[in-house]
Each structure stands twice: as C-alpha cells, then as structure tokens.
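Structures follow.
One chain, chain A, appears in both complexes that follow, with chain B as partner in the first and chain C in the second.
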Partner chain A sequence: MIRILVACGNGIATSTVVASKIKGFLVSKGVQAETTQTKLMEVPGKIQDYDLLVTTGEFSGQTKGVPYVKGMPLLTGIGAEQTLNEIYDITQKK
Partner chain B sequence: MTVDLVIDKNLLLPRLKFHTQNEALTYLADQLYKQGKVKAEYRAAILKREDEYPTGLPSTKPAVAIPHADYNLVNETSLAVGTLEQPISFHNMEDVKSTLDVEIIIMMAISEPHGQVEMLQRIVSLIQNEELRKKILDATTSDQLQQLITPILLTNELKEN
Partner chain C sequence: MNYVMNVFNWLIAAGPTVLLPVIITIIGLIFGLNIGRGFKSGLTLGIGFAGIKLILDFMTTNVGPAAKAMVERTGVHLNALDVGWGSIAAITWASPIIALLIFAILLVNIVLLILKRTNTLDVDIWNYHHVAIVGVMVFFVTKNIGLGVGASVVMALITFKLADWSQPMVENFFHIPGVSLPTVSALSSLVIAWPLNWLLDRIPFFRKAKFSIRDAQKYLGFFGDSMIMGLIIGMVIGALAGYNLMQVLQLGVSMAAVLVLIPKMTALFMEGLMPISEAAQKWSQKRFKGRKLFIGLDAAVVVGNQDVITTALIIIPLTIAMALVLPGNSVLPFADLAVVPFRVAMVVALTNGNLLKNIIIGLAVTASLLWCGTTTAPVLTAIAKSVGIKLGTNSLFISSFAATSMIQSFAVYFAFTTNQLILIPILLLVFAVVWYYFDGIKHVNASVNAQTTEA
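For the complex of A and B:
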C-alpha cells in the first residue's frame, strides 16, 4: 500500500480534488494507494510516515527524503497527464 | 447527499470594477454574507487566507482565482462568481512570489470538510475549460452567467481531464 500525503492551505478544498484524481488514476492502474489530506503547515510533522508528498500550494520545507510532486496540474489540467505518470513511476519504485 | 448546487443569481456578478484584490474579495464575501451563506467573520478569514495561501491558478487567459476560507464560517455551501472588467493581480498558488492577472474570481464557500468532492471537481472542470472561461468573462448579465455556470454544477457526468 502506497501512502500519499496530499496538502493544501487548509487541507480541505484543493487537496480534496487532487487526492480524488490521484486515487482514481492509481486504481485504474491497479495500484493500491491511500491518500491523506493535510494542511501545508502540518506537512513537516507528518511527512516521514508517507511514501509521497503532493501539494497544491507552495511547499518550501524539507521532505526528509520523501519524493515530492507538485499537484497544480491536476487542478488546472495543464500537464496533468505528465504529473499522473510521475506519480505512477514513484509508486512503482517503492 | 445531493451535490446539485443552485447558485443564487445575486451571487453571479459580471463586469465588476475593482482595482485591488482586497476590494474585490471584500465585495464578494459581503454578497455571500448578505445572502446568509456565510458568517460575518468569513470576510476577514478570506482576506487572511488569501494572504497566507494565495489562490490564483496559473492558466491561459482568462485566469481564475478560487478564494475560500474555513468551513466553520460557512452556513450553506455556495459560490460567488465575479468577473472583472480589468484584471486584478493575485499571487500564484503554486509559486507565491509570482503574480497572475486574474479576470474571474470563484469564491468557494464550503460548509463541510469532506463530501464536497464532486462539487469541487465540477468547479475544477469549469476552470479547465478555456472556452467556457472566455464565455464567462464575456457575459454581461447575471442571467448569462447563470446559463453558463449552472449546467456545469448540475451535470451528472463528470468530465475527466
């Protein structure tokens, strides 16, 4: 099971959309994954328990070696496929 | 749970004339308050939140901002949509040091922390539709805005990107 931390400003609005798109995509690829939504400011305290971080706001903190993918393309649609493939590749390396 | 969201025409506001982000956000938040959708503190929360976590979305013209604030200040899930006669500078959600010329503001008042996935996805499908964004910007009346936006929010078939 791949654990994905999805963060946005309040952990409610944009991360909901992004988490749902990631889950839908990974299910279609047969990848077992669970997403957890959080606030950007809570990422540093949680990141070590996850395999991947995806954010819709700017995150400039340390990811402690955890791979980090910017989720904005999943909101705007611009470059969304590339972002999903990047996420898929990370799940396959795990 | 129903996910259909009927937007009050009073919250669809074309061709607004504002010069600053604060003026525009204050006006839209006040309209939500007048319609009873949010609590009095929502306006201050929107302004603070935009300052801390900007909501300008990088896209082709016309660009969109999606200001929103804490769900516990919302009485009833709703949207206020304003189009701007002149673009207003918003910070980019993804790169807060850069700014975007925003022409459409979709203020999201979300009353539940979860369970609004579909509605949010519908708003996102609107944001991803460049042609629709242009039509929204061209609309001159609340009726026109309603005709453009309502089908997106009521549709039963979600468009995947």
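For the complex of A and C:
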C-alpha cells in the first residue's frame, strides 16, 4: 500500500481534485494507494509517515527525503498525463 | 405553478439534507451528467451538510457556555464565534435560491468572455460559494430575489475583474503562468492592499524595508497546525471562563476536534461538486477553444509560498491579540485562523515579499475582517438558524473571516441592503472608475489581449 500525502492551501479544495485524480489513475493501473489530504502548513509535521508528497502549488519546505511531485498539471489539465506517469514511476520504486 | 411552489416549499421545510440532493441532481442534469452520477453528487453534498451541522452543534454546545462565562467573568466581549468558511459554504449551498445564483454567476463569466471583457475562465463551481453567499444574505434580508441575484452578479463581475488585474502577480511573483485566481477570500484583501501599498510606497522607510524573520516556520509553525491551535484556544477560553482543570482539558480537546473535523466535512462538498465542475470545464473549453485564457484556479495553489506562510504565521497570533483590543469587535477568531494565508497571499505578491509592509497591510485587512464580521454576524446567525442549525439557547452569534466579513463582499452586501437607490449606483460607479484605470490606462492584461487578437 502506497501512502500519498496530498497538500494544498486548506487541505480541502484543490487537494480533493488532485487526490481523486491520482487515486482514479492508480486504481486503473492496479496500484493500491491511499491518499491523505492536508494543509501545506502541516506538511512538515506529517511528511515522514508517507511515501510520496503531491502539492497543488508552490512548496519550498522540507520533505525529509520523501519524493515530491508538483500536482498543478492535474488541476489545469496541461501536462496531466506526464505528472500521473511520474507518480506511477515513484510508486513502482517502492 | 402553484403545484411547483408547493413541492418546493415542502422541500425547503424538509431541510437542506433533503433539498441539497434534489437541487444538485437537477444542476447536474443541466450540465449533462447522467442521473446516477448527479444524484450521488447531490447525496454527497447532503451528507456533507449533515456533517457540518453535527460539528456546529457540537462546537456551540461546548464553547457556547464557556464563551458566555468568559464574557461575564472577564468583560472580554467576544460573542460572535468564528465558525469558519467551511460552515459558511455549507450554509450557502443550503440556500433555496442557490441554483439560481450558480447559473447567474456562470452566465456572468460566459457573457464577459464572449464580450472579451475578461480573460479569466472560472468554471470552478465550488468556489462560487464566496460570490453566492452575498446573494443569499441579500435575499434573506430583503426577501427580494432580484436584489439577491443582482448582488451575486455584481460580486461575480468584481471577482472576475480582480482576478484579471491580479494575474500578472500570480505569474511574476508565484511563477504560475496562464492562471488567475478568482477566489474572493484571496482577492478581497487587494481592495485594501492596493491603496494602502501605494500610500506606504510614498514613505521611503517602508518602501526600502528589508526586514525579515528567519526560521519563522520553525518557531511559529504551531500557529499553522489546526490541531494544536484548537487545543490552545479551547484551553484558554476554558481558563478565562473559570473552568476547573478537567473542564479546561475537555474543552481544549473538543475544540481541537472541531478544527480537524470541519475540513473533513467540507471536503465532502468539494467531492460532490467535482463532477459538475468537470462537466462545466469540458463544455467551456470546447466553446472557447483556440483562445488564450487564464484558467481560474482556487487560491490554494499559491499559499504554500514561503513568504506567504511566514507572513501568515506572524499575522495569526496578532489577529487573536487584535480581536481582544479592537474597539467594537465581537468576533472570537477561531476556525478561520487556518485560512489566514489566503487573506495575505495577494498582499505578499503585491509588495513583492516586503515583510514589514505585509504585516502592516495584513493587520489592516484583519481589522476589516473583524469589523465587517461583527456587523454582519446577526444576519449570518439568523440564516444559519433558518437552515436548521441549532446554536444552543445562549446569545451566541456566529461569524467567520469569509462571507461578508471580507471587505469586497461587505461593500456589495451593504449597498444592496441599505439605501439601494443611492448606494448601488455609487458602488457601480466606483467599480467602473477602477475598471477604467486598470484596463483603460494601465492595460494590465495587454500582452494576453494582443495574443488573442493575433490568433
């Protein structure tokens, strides 16, 4: 089971969109994944329990070695496929 | 017609948990969702509302008596509890005229796009709640559907134009090209920030200030952690209320629970509305194909910026302090302390990360939130009660840093509920002058418009 932390400004709006797109994509690829949504400000305190961090905007804080993918393309639709593949590749390395 | 009205009234009497699934299914069908998907969306919203209602009841039964005791014991007169924007959004979606408002807002965007008066494509139906609540409140006060819809239309106009005008900041400061942020909770601060920033720039001391705080996140980070903030605020209120240790701890954990649970319930609204937003996005992208447009996104995409977080972490404790000393304030800041980054994000971009100016402008914005929040708390409370949210028997009001606590929304609400014949024209005139300044003199989106004409 891959644990993905999805963070945005309030842990509600854009992270819901991104989390559901990631989940839908990974399910179609047969990958077992669990997403948790949170606020960007709470990432530093939670990150160590996850395998992957996806944020919907700029994030320059510490990820403590956890791989990090920018989720913005999943919102705008531009480059979405590439981002999803990038996430898939990371899940395969675990 | 009478029959339709009877059914509608019956649904309203049944309350939002029944009304929401029905209304959202209908909206979904209009956007071309199949009935199964539309109904599940609607049911998800109904469940979200049930959840919010539970939490609000839990919150007011716990903090209500404590806040009352605190007021009596200490004279700190903060009886308008900040229940957070999520609760307000839930109340907004539960309004009987919400379907009408959503289509009015969408129509404003489409008409502006067709007339080439905006470059912002905003089909994020979810975020319409900030614009819709003003219509809901105006309708509630005036009982006039025309005024209600009119207020939301004016809100929408202002929001899309503010999004256009602030797009260069999103591109240059946050480095997100092709995106604008029609999110009222972030844009509204610009109404205060633009003039105040201009004023501060006349003073060399502020213009050149290189004041910075290192490691703000390290030392102030807990102010951004909802769990910890809820616990601390709950315990402080309990202590001020003269509770014993056991009660203080109970109130602390209860309030922490509220701050963690509200977003989970609010997320259900977002989840339910997603299929509808996606359908609207598909439709509009086909319609405006080939044209260079800014994609309207939630301001959540910029609040992770380090300067924004630093400013917010400084403003959060100052907000609590200000609530205690600001004359005429009765808002008790609580749930919306979590979204202070949204209120300061555009300020930070405007000043280009000048921390001293950010704090000064941020505090001015905070004062406006507290005052406007105090003024409109009774109306908001009455609306909450009308959709079935019990707020206990005590004289507690609810408020937030969203809805008409924000200066843009407050201005529109005020104009549409008091002396409409004089104030609405004044509001529109001021807006027209600002519009002329940005589009006619400064040509803020000139480069994009040029590209569009070429294409």
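Convention: the second predicted complex is superposed on the first by the 94 of 94 C-alpha atoms of A that agree within 3 Å, B and C clash if a C-alpha of one lies under 4 Å from a C-alpha of the other, contacts with A are read in each partner's own complex, and residues count from 1 in each chain.
Methods note: a contact is a pair of C-beta atoms (placed from the backbone, for glycine too) under 8 Å apart; a residue touches a chain by one contact, two chains touch by 3 or more.
Bear in mind that the values here come from a model prediction, so they are computed numbers and not experimental data.
Chain B versus chain C on the shared chain A, clash or fit?
By the criteria stated at the top, chain C and chain B clash after superposition.
I want to verify the contact counts: of chain B and chain C, which reaches more residues of chain A?
With both complexes superposed on chain A, more residues of chain A are touched by C.
In the superposed arrangement, does A:T56 touch chain B (first), chain C (second), both or neither?
A:T56 sits against chain B and chain C alike.
When the two structures are overlaid on chain A, which partner does A:A13 contact: first (chain B), second (chain C), both, or neither?
both
Scan A:A80 for contacts with chain B and chain C and give back first, second, both or neither.
Only chain B; A:A80 stays clear of chain C.
According to the stated criteria, A:E42 is in contact with first (chain B), second (chain C), both, or neither; which is it?
In the superposed model, A:E42 contacts chain C only, not chain B.
For A:R3, select first, second, both or neither according to whether it touches chain B, chain C, the two together, or no partner.
neither
In the overlay, answer first, second, both or neither for which of chain B and chain C A:K23 touches.
A:K23 contacts neither chain B nor chain C.
Name the contact category of A:K70: first (chain B only), second (chain C only), both, or neither.
First partner only.
Check chain A for residues that touch chain B in one structure and chain C in the other, and list them.
Chain A residues touching both partners: 8-10, 12-14, 16-17, 20, 40, 56-58, 72, 75-78.
Touching residues of chain A toward chain C in the complex: what are they?
On the chain A side, the touching residues are 7-17, 20, 37, 39-42, 44-45, 55-61, 72, 75-78.
Show which residues of chain A lie in contact with chain B when the two form their complex.
For this pair, the touching residues of chain A are 8-10, 12-14, 16-17, 20-21, 24, 40, 56-58, 70, 72, 75-78, 80.
Under the stated contact criterion, what part of chain B meets chain A in this complex?
Listed in rising order, the residues of chain B that touch chain A are 49, 52-55, 57-60, 66, 68-71, 93-96, 108, 110, 113-114, 116-117, 120-121, 124, 127-128, 160-161.
What does chain C use to touch chain A in their complex?
Listed in rising order, the residues of chain C that touch chain A are 86, 126-127, 174-176, 178-179, 217, 221, 224-226, 263, 266-267, 270-271, 274, 281, 295, 297-306, 309, 312-313, 338-339, 341-342.
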